[in-house]
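Please see the structure below; I have some questions.
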Amino acid sequence: MGVPPARRTSGMWGKALLRLVFALALPAVLVALWWAASAGSTNVYWPPLRTVFGVFPDVWTGERLRGDVLPSVLRLAAGYTAAAVAGVALGTVIGSWRRVRALCEPVLEFLRAVPPPVLVPVIMLFAGIGDTMKIAVIASGCVWPVLLNTVEGVRAVDPVLAETARSYGITGVARLRDVVLRSASPQIFAGLRQALSIGIILMVISEMFAAGNGLGFTIVQFQRGFAIPDMWTGILLLGLLGFLLSVLFGLAERRVLGWYHGLRASGRRSP
Amino acid sequence: MLDVQGLHKVYEGSGRRTEAVRDLTFSVAAGELVCLVGPSGCGKTTLLKCVGGLLAPTAGEVRLAGRPVDGPPPGMAFVFQEYGRSLFPWMRVGQNVELPLKQKRLSRQRRRALVADALESVGLADAAGAYPWQLSGGMQQRVAIARALAYEPEVLLMDEPFAAVDAQTRAELEDLVRRLWRERGITILFVTHDIDEAVYLGERVLVLSASPTVVREQLKVDLPDQRDQLHTRVNPRFAELRTRVYEQVQAAKRGR
Amino acid sequence: MLDVQGLHKVYEGSGRRTEAVRDLTFSVAAGELVCLVGPSGCGKTTLLKCVGGLLAPTAGEVRLAGRPVDGPPPGMAFVFQEYGRSLFPWMRVGQNVELPLKQKRLSRQRRRALVADALESVGLADAAGAYPWQLSGGMQQRVAIARALAYEPEVLLMDEPFAAVDAQTRAELEDLVRRLWRERGITILFVTHDIDEAVYLGERVLVLSASPTVVREQLKVDLPDQRDQLHTRVNPRFAELRTRVYEQVQAAKRGR
Amino acid sequence: GSSDPGGKDTAGPSGGTTTVKVGVVPVLDVAPVYLGEKQGFYADRGLELELVPAQGGAAIVPGVISGQFQFGFSNTTSLLVARSKNVPVKAVANGAASTGEDGADFAAITVGKGSPLTSAKQLEGKKAAVNTLNNVCDTSIRESVRKDGGDPSKVEFVEMPFDRMPAALDGGQVDAACTPEPALATVKAAGGKEIASNFHDVSPDLTVAMYFTSQQFAGKNPDLVKKFREATAESLKYADSHPEEVRQILTTYTKIPATLLEKLTLPRYPAEPDRASIERLAELGERDGLFEKAPNLDELLP
Amino acid sequence: MRGSDAALGAAGCAVFVLLGEAVPRLGLVDEDHFPPACRIAGALGRELSDTAFWSALGDTLTGWALGLAIAVSAGVVAGVVISVVPYLREVTASTIEFLRPIPSVALIPLAVLLYGTELRSVLLLVGYAAFWQVLIQVLYGVRDVDPVAEETARSYGLGGWARVRHVLWPTALPYVMTGVRLAAAVALILAVTAELVIGAPGLGARIAVAQTSQAVPEMYALIVVTGVLGLLINVGTRAVERRALAWHQSVRGEVAV
């Protein structure tokens, strides 16, 4: 009595199309607005969008893509991964033991409040000025949302689930892997998503210091060199990069949190 | 096997103080099946959690096989009253049943067999691939039971395990529990609200008073060891016992 | 009052497709108390949710007072099988009961009275200030019942509402429901696994088949309107009816 | 906010005096305006200064362009670059200049303690720290290397703020650094050495920085600009002849430690920018690719 | 219990300070560039006795508090509206993901262009950065509503607003609290950074002066001040959380036993 397969596939295409329309509609409107608002602008810092679009292909093709965007993305990947691992690991420990939390939290909160632009020089003292430093800067910023969300997620594990695990002798690594982290995963993912955009932001900040290449470096150079339309293309590219990464992130999330989406959706009127 | 001595439990927090259990003393022999009945809120779950090492008593002591319980003892399985919340929503039914077995370091093959067996015995053989939240309440409860059975425990603590299943399934599960108990010599502590069930299943029925709780009565169930749904339930002794328990529960409830 | 026509419901998602309800057709007159019994997992909850407008049927229609149901109708109260999760953990018991009344724009005074009354009638007068998670399972379930009663609904849908309470309390609650039903002329759809309860409470008992579900039998309960725990249950007609229902449930379960 | 550069909201006359906001970088170079303000040179002309310290051009140039600041302070190369991109900046007064003494300038290429480097030529294949790439620091270092007979294209430049340079030299992260005061004195105090005076190498009279406004503002408020220029020229002159007062005024708007204060080499503060040196700078900038076409100095200079 | 927590926290801080003293003393880094804790403390003492410092602190806190208030209220409202209105989430998703990674530092010229070095400039940067933190947490939090709770609310005829208020909001609250804690730090960071770069008055501007002046201990002293501010802010949010989330497992789970 199910839906015939032919209709189901066409439905699938329809859904994909609808998703595309959803994804593009608002950006299209915004771009149109920006285009119209900036059309006659003579302000150097606020160039017409047409000019920005015009220089975009020249700026971001070939050598720049390989020489600036790629290294940046690699550093981002390294820093983000380091932050994710450290954040989840540390968060689990801190969230599981109240005393550890009481011990660490003040220091962590202290560190968290130090602005990256003043933190970078300090990191430079220890990590030099190479890629290590940049990765450390990215990681040092990304780690917070992951850490905080992990701590809260771990603290909020359903007591009945925790007791179930305990009563069946599920302890140690198995408890961590099969119970605590899974239960906290919706919140951890919230943190990971936050961290993604923060990572991009810190990628830019880290490249404002002692860099020779990179997306952030290039944008800052454009800004200093008063190549304002080029700078705007850089900002657009950052946005695009963020969007692209979030799409990838969404795919990963859908895999890992499939159960959760199913569970939460089971209360909606029409499935 | 199991010794509960002067158990006392007070819950405190969020502006409330509840003396759930005042003073419980009883013991359960190895391989015995004891049913617990008592008014709603009298502390049965509390007692079971203390016995299972999940809750620290305020005073008194629980000893299992001579050793004081201060954490869940190995070889113990627990079927929670909140069956729905005790299943891991991120695992499919099969995985839920299998997880504790992994902890026991059984071979993959053995685990498979145990899981399939347990699910089969609660009538859920074809639900192994579903997520718990895709099942009905009664099915979820049976998954929780299957998990406990597959674990092959020595001590089995069950907190109203059949509350959500239909009469027919319930009868079948009762027989299943009795069979396993006889075959494997498990020690079982069984909480139920169904007085017929308590008498039908138990070797002994413990009636608890209303909160703050003490043991109101211990009743030996002197029915033949071999029981079945048809004959045992019409046995005049069965009727006597169930009336007796019913009176006690009624008195316990009024007695507060 | 309530018309269910060719109701069909298929669950799909997370790699599973379950035809929960195949074809249900029945109706309930205004002010009738109908009990639903059926094997575990046969679709009773699904049916109730469709009737309550919480779930959209895959096919078929539900009409309430002539109007098709496409959302929770006003004046309806629902007691969920998952009583624990249906209480808001961030509200104290009193607030949980009061919330729907606020929605009804009753005066503060009237709300107070209704809340106190309802909690009193389920025996939880002194738990108003506790959080739901500070209560035992049976107490939580009674809070959910109190919430439904305080709401003074015209249509009451109850999904195994007494599963977690002791025998004595259960009897009292049964009488409470029957009394309110008689006094207020509410239309009640009551899901239960306890066959005695179904016969004792209902004007009619609907037996559902195993999944995929159809109506297996509709049984008119021709017991006197005035029922009580002592006399009704020993009435020979009662015994006949319950045997009849039991057989049907047994057959339904085997029949899959 | 409006992009009207009239500065009406803040620059409106109030009781005969006009308040002007000047975006400055809190370094030695701007001491004369602080001093001039204290001496009343601006007040004499009906100007009340509001000096807003900012980190650099990123904040000051857009502020001036949009009229949030009436005047700003910037290094000359940045102004040249801006001009070449048709950013409507207009220099109005001189800022600071090289001391004109080789080996005793207020900025120098320095190396850390124990470094084997002794001359600019040896920078080939080495890492040199500059505060911003494609700006006066690397242009002038290249010139020093060139003058010393080396190949400037072989120097690797790394960007970092001046204040991090002493640490980077000590840590061996860079081999040399373009350090103006007070970084220069810090390096020297830590045992580092000067190996060349890069500003001096561009021109002994190099105009390192200037005060500027936007073309629009200059066009609409010639009077105000004139007053500011005169007051600044007077301040510069005064500062040049009262170095002790300059050191004194530094303590009010910087936190330069007292131990360093006496050791600082002050820049010169000529009243007028040196056009020849700026032309030289533009030439070098064009050569190093800072801009495709050297900007029109007539448009830039007052 | 609260007292022993505070003692533990103090112990953690003490270890951190000792580390700050030991690392330069042991020669792991140069004292000139990373002064030992006692020298920072000395500089801190000098700062604290300077009235200009206090007015700078006031400026920073004003920018922080206003910016955070704007970001939190906007983030919560936007998050709830986006989740509640059908299809709005799908429509806005791409735009949100596009805008989020745009760094506030890249917006500095724009901010200065619009508002110069006024407070509004700082607010723009602070608000922009902190807004996203709250928004994302709200979006994830709203999704966490228990289906049974949602059904309960619907069956009792709770309307849209009542459901938001009584079901959605309490469910999302733990997420929102985390969002606020994240945003509070980000707002502080951006307030200081904005002051640092564009020179709006405040702690950041003082840090910039200390940096360009090679006044290393003073710079670290000011950084310590921002860190301590962050710490105090966290103490505040934790206190709020203990009250607002008393019912939640994360809080009650640690009270009991």
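In order of appearance the chains are A, B, C, D and E, and numbering begins at 1 in each one.
Please note the rule applied: a residue touches a chain if its C-beta (ideal position, glycine included) is under 8 Å from a C-beta of that chain, and two chains touch if they have at least 3 such contacts.
All values reported here derive from a predicted model rather than from experimental measurement.
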| item | value |
| --- | --- |
| For chain A and chain D, chains touching each | E |
| Number of hops, chain A to chain E, where each hop joins two touching chains | 1 |
| Maximum centroid distance from chain C, chain identifier (CA atoms) | D |
| By number of C-beta contact pairs, the top two chains | A-E |
| Inter-chain centre distance, chain C versus chain E - centres from mean C-alpha coordinates, in Å | 48 |
| Length of the line joining the C-alpha centres of chain D and chain E, rounded to whole Å | 36 |
| Inter-chain centre distance, chain B versus chain D - centres from mean C-alpha coordinates, in Å | 82 |
| Chain A: positions in contact with at least two other chains | 43, 45, 125, 158, 208, 223, 259, 262-263, 265-266 |
| Chain C, residues touching no fewer than two other chains | 11, 13-14, 53-54, 71, 82, 85, 131 |
| Per-residue overlap in chain E, given as positions that touch at least 2 other chains | 33, 109-110, 113, 146, 148, 151, 196-197, 211, 219, 247-248, 252 |
| Which pairs of chains touch, using the document's own definition | A-B, A-C, A-D, A-E, B-C, B-E, C-E, D-E |
| Partner chain C, residues of chain E touching it in the complex | 146, 148-149, 151-152, 154-159, 162, 166-167, 170, 173, 247-248, 252 |
| Complex interface listing, chain B residues touching chain A | 49, 52-54, 71-72, 74, 76-78, 80, 82, 85-91, 99-100, 102-104, 131, 133-134, 147, 151 |
| Parts of chain C lying in touch with chain B, wherever the complex brings them together | 11, 13-16, 18, 37-45, 81-82, 84-85, 129-131, 134-139, 142, 160, 163-170, 193-195, 246, 249-250, 253 |
| Residues on chain E engaged by chain B in the complex (per definition of touch) | 246-247, 252, 255-257 |
| Chain A contact footprint on chain C (complex, rising order) | 8, 10-14, 17, 19, 53-56, 71 |
